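Structure first, commentary second.
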Amino acid sequence: MPSGEADAGRFVQCTSCRKTLFSADFEHELRVCRFCGHHHRLSARDRIACTFDEGSFEETDAGLRTVDVLKFPDYMPKHEQAVTKTGMNDSVMIGRAKLDGMPVSAGVAEFGFMGGSMGVVAGEKVTRCLERGAEEGMPVIMVCASGGARMQEGLSSLVQMAKTTVAVERCREAGVPFIAVMTDPTMAGVLASYASVADVILAEPKAMIGFAGARVSKQAQVVKAPSDFQTAEWVNKSGMVDRIVERRDMRGTLIALVRALGAHLRTGKALVGA
Amino acid sequence: MAKTWKEWEQPVLELEQMIERLERAAQRETDPAKRGAAEEKVQELKQRRDTYVQLRYSRLTPWEEVLLARAETRPYLLDYVGTVFTDFTELEGDRRYGSDRAMVGGPAFLDGRPVMIVGQQKGRNLQERTFRNFAMSKPEGYRKAIRLFEMADRFRMPVVTLVDTPAADPGVESEGRGIAEAIAASMLAMFGLRVPVVSVLIGEGGSGGAIAIAVANKVLMLEHAIYSVIPPEGCAAILWRDPSKGPEAAAALGLTSSSALELGIVDKVLPEPFGGAHRNFAEAAATVKTGILEALSELGPMSPDEIKRHRYDRFRKAGSFEEASRAAVR
Amino acid sequence: MAKTWKEWEQPVLELEQMIERLERAAQRETDPAKRGAAEEKVQELKQRRDTYVQLRYSRLTPWEEVLLARAETRPYLLDYVGTVFTDFTELEGDRRYGSDRAMVGGPAFLDGRPVMIVGQQKGRNLQERTFRNFAMSKPEGYRKAIRLFEMADRFRMPVVTLVDTPAADPGVESEGRGIAEAIAASMLAMFGLRVPVVSVLIGEGGSGGAIAIAVANKVLMLEHAIYSVIPPEGCAAILWRDPSKGPEAAAALGLTSSSALELGIVDKVLPEPFGGAHRNFAEAAATVKTGILEALSELGPMSPDEIKRHRYDRFRKAGSFEEASRAAVR
Amino acid sequence: MPSGEADAGRFVQCTSCRKTLFSADFEHELRVCRFCGHHHRLSARDRIACTFDEGSFEETDAGLRTVDVLKFPDYMPKHEQAVTKTGMNDSVMIGRAKLDGMPVSAGVAEFGFMGGSMGVVAGEKVTRCLERGAEEGMPVIMVCASGGARMQEGLSSLVQMAKTTVAVERCREAGVPFIAVMTDPTMAGVLASYASVADVILAEPKAMIGFAGARVSKQAQVVKAPSDFQTAEWVNKSGMVDRIVERRDMRGTLIALVRALGAHLRTGKALVGA
């Protein structure tokens, strides 16, 4: 039985505690195991559904398409497969959405699309999502899930790290809050660019969050890694993540933050006593 | 000389136990005459307690103020956060090294309007105290504070700091990660802010660790809080090689709220409820809330540049000195 | 398939040893005719060597470029700092945690005018390599770089970065102190600069660790440097579960200077001296110096805001994609 | 024989290696032991003499006088004594000076004056020194030597930490470089204020540099202190100090830094190619 997937549509086995759950309950509880609390991965669409106001998400920029500049071996077939599997054109979906009625610029990553890897299209979408927030004075919410940069686009993927970060600078200049939600996994080139310079960083419990892949960091280990290395909890203790938020509380936390940090955008001036 | 605030609270405790016993007895009493007598006695004891409290708290020595400011019965940061403000969302990271539990901060609402809160949190029992490192922040605490200050500036949120720390953490690791730099950088960051900043000294204002987050446009101080350049015991140890002379040092250092007000170091003393903030927390919280709201409303009309300039000027003129005219010097 | 750059340098080495022997023999030779013959032979061997070098270096495979870029014979940062610039004053601290020896930086003069230098330094022997942590910076290296970038901005000094790193340090401690954040924050800081920034890829441009200090107005690249999203061995290991397929990955990744130029990732390739920078360092240094001066002079007329905007635009348009018209999508 | 002091004007014993030195050599070598390299403390006047261009230092603000607001026990007698001993009115001397012809705003602390402690007068002088640099576009050099804030002025001393730091903000706004030279010792309230936020921090070898006094940090030691704890070398490794500079090289290093970082102040614009 595959990870957190439906068995004949009725049952599902938790990959973490191995207990069996009713599919309906499992989906209703946002794919969080009721026995062990494990947060199973969500698709971009499910994430949107449980995060933003019902029906408020309007996708934009869905017309972007990858160009295989390097003619990288096997890239296009893999890409096509991912498109078919996910119904998305790349690993990120962006758009306008609302949180308790407040407009936000929203982006959500799809780990199922080539491991959520960031090539030019994903980079462009993240950048547009941030720029839209800066231009229209909307807080930006990015839900991350990525193994890192997309190797198959080579150097063009690498520079997406800079491109997406430049857009964060735009948000800062515009006084627009940028909140990153790190879900399992948020790694490497995505972690080492826009996501880590968000104003607020929230993470789901036990999400894997790290710079180097397990292989690399194991080789490089002079110091022994702690048992919770590269988990959200460890990264929280290390000061990189502001809060671990359970999935059922995520929407409420985002609303509280957008309400507080984005107040000046809605009223023009938010100073007490002014 | 008192060694703990409990020494002068002991008579109150005893009186209150008596009052409680008598009240219970009076309730059980069926004879109206006897009940009336008991109730009268209760009233008398309450009167006695109040007179004692009033007298005692109106003549606390500076050393007793020190003991009281350190008392685990005092309301702490999170008590105020939970009553004065609403919808607090704690943000933990310094984005550098760690999550400091002595320093707490994040956005919240004050009368429906967003503010950024930063302050130190003490613990009431050993477990809490250890978790909070006795409210002694390490560098990562001050670096988190800087992050939150800068965020508040970006999002035009007034900053409210609640100060309550014996000192910054003085350990080897803190030195190695630059506790001195962290304190200085926090002050520097506060001077750069273009939003109003109000600080309230709610308990212990312990030297550099305190002023690091108290570079405000308005500095308020609870009546029984203290604010000192050095712990009195430390001062006594250095100057007189006798740490037990803390009481003398406390008197010399001018660390009480009235002294701080007189020196112009704080702008306003917030009177505490009858017998101290711990005796009536709701009233203390209301005073703090009003104090902050009034301060913010006085600062309200200023432009971002004026706010920054105001803070600059406030600290620029700190301290008195004499100056011979240049002509006279030459 | 070559495993080290020495494989194709071995014939050169042998030829040069022969040349040296013959030259010494010719000097000792008293018979003018024999001496003439020997000298002729020397010339012939030199010719052969040069032909071989020219041929070999004009057809290096991407994988061979990788090996060469990593070669300990390549000129390193401090070699350039000592020849291209004058009066370099290294500044070491990150003001947070430590002194990172892989990242080197500080003010210096270029043609008599002050600039801020930042870059990674490799080591030539084991001791140096260990001291420099194999040019893999930890978070404190990038945080030092940020400090220097901001200082340059305050003091109106152009920034020159020289990039040469296999990667940022991937160890447990680096993760714990936020290596990913440090890289991102370095890029963010560079985008905020209102002074010209020129980056030169002088050796290995290893993924995030490299681009962290290469957010420049002009990115220059030495002919035999490489710039890659991932080490080819790592790419092969992940995609094909076979790290020995590094050469195939190197070819696929487009990591050579010509590829980077074609992709628009670098603005200019700086041609290396005949047979590589290591064969004539003075010439390589002169090329780098001219490259930097030309880039700075092109950026010279821009105002501080224009410089910032220029850098923004340069990276904003990075990467090619197709876009269906909005109408077509709906 | 007292620390590094003259024995009948001819000999002096190094307090570090206990070797005997000719006083004349010792003074000529800037009070650095020729045997062990130990940097003995310098008076403010000697420091000025070996740092700035000969005769270029012009003292300002010498008319500031302490007010004993708290009537702190024994303060005034101690203060008088320090005035008599050092010929200074307080623990800091400031003025205008030149470095290889380049004008700088200079301040030098005198450890011999009540341990270089910072009360209102010292704080005011440091502030004026920094402000003068900001106003007149001159790089600022502060040579620190202090045990910390002056207890005898109580809270007024504490706020000098903020007051001096506010002046650093002025220098930053004015684009004026501020270089701190930490000499033995630079501690507590001075370290935790203006000195640590200097653009460049240089330190003399072996100088004691730390936040908490030995007593306090020994009590607080959960972690065992390394043998070089709170030395310039340790603080350098910790990233707080940019360079350890020997006394004989200090002037040259300062000149190089002032020339590079202060170029824009002299030319109006210093960009290459501009």
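We call the chains A, B, C and D, going by the order they appear; numbering starts again at 1 in every chain.
Assume a residue touches a chain if its C-beta (ideal position, glycine included) is under 8 Å from a C-beta of that chain, and two chains touch if they have at least 3 such contacts.
Being a predicted model, the structure only gives us computed values, none of them experimental.
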Subject >> Between B-D and A-B, the pair with more C-beta contacts >> reply: B-D
Subject >> Separation of mean Cα positions, subunit B and subunit A [Å, integer] >> reply: 40
Original post:
So how far apart, in whole Å, are subunit B and subunit C when each is placed at the average of its C-alpha atoms?
Top reply: 54
Subject >> subunit B and subunit D: spacing of chain centres that average the CA atoms, whole Å >> reply: 33
Original post:
When the centre of a chain is set as the mean of its C-alpha atoms, what distance in Å lies between subunit A and subunit D?
Top reply: 50
Original post:
Which subunit D residues touch at least two other chains?
Top reply: 196, 238-240
Subject >> Multi-partner residues of subunit C (at least 2 other chains) >> reply: 95-97, 176-178, 181, 185
**OP:** Considering only which chains touch which, label the overall pattern as line, ring, star, complete or other.
**Re:** other
Original post:
Taking all chains into account, which pairs touch?
Top reply: A-B, A-C, B-C, B-D, C-D
Subject >> Touch list for subunit D against partner subunit B, complex >> reply: 61-67, 69-70, 72-74, 119-121, 123-124, 127, 149, 151, 153-163, 165-166, 168-169, 188-189, 191-197, 210-213, 215-217, 219-226, 229-230, 234, 238-240
Original post:
Which residues of subunit B touch subunit A in the complex?
Top reply: 87, 89-99, 107-111, 113-115, 140, 144, 151, 154-158, 195-196, 293, 296-301
**OP:** Mind listing the subunit B positions that touch subunit D in their complex?
**Re:** 168-181, 183-185, 187-188, 191-192, 207-208, 211-212, 215, 227-230, 234-235, 237-239, 248, 252-255, 259-260, 263, 265, 312, 315-316, 318-326, 328-329
**OP:** State the interface residues of subunit B toward subunit C in the complex, per the touch definition above.
**Re:** 95-97, 139, 143, 176-178, 181, 185
Original post:
Hey, which residues of subunit D end up touching subunit C in the complex?
Top reply: 172, 175, 177, 196, 199-201, 236-243, 253, 256-257, 259-264, 269-274
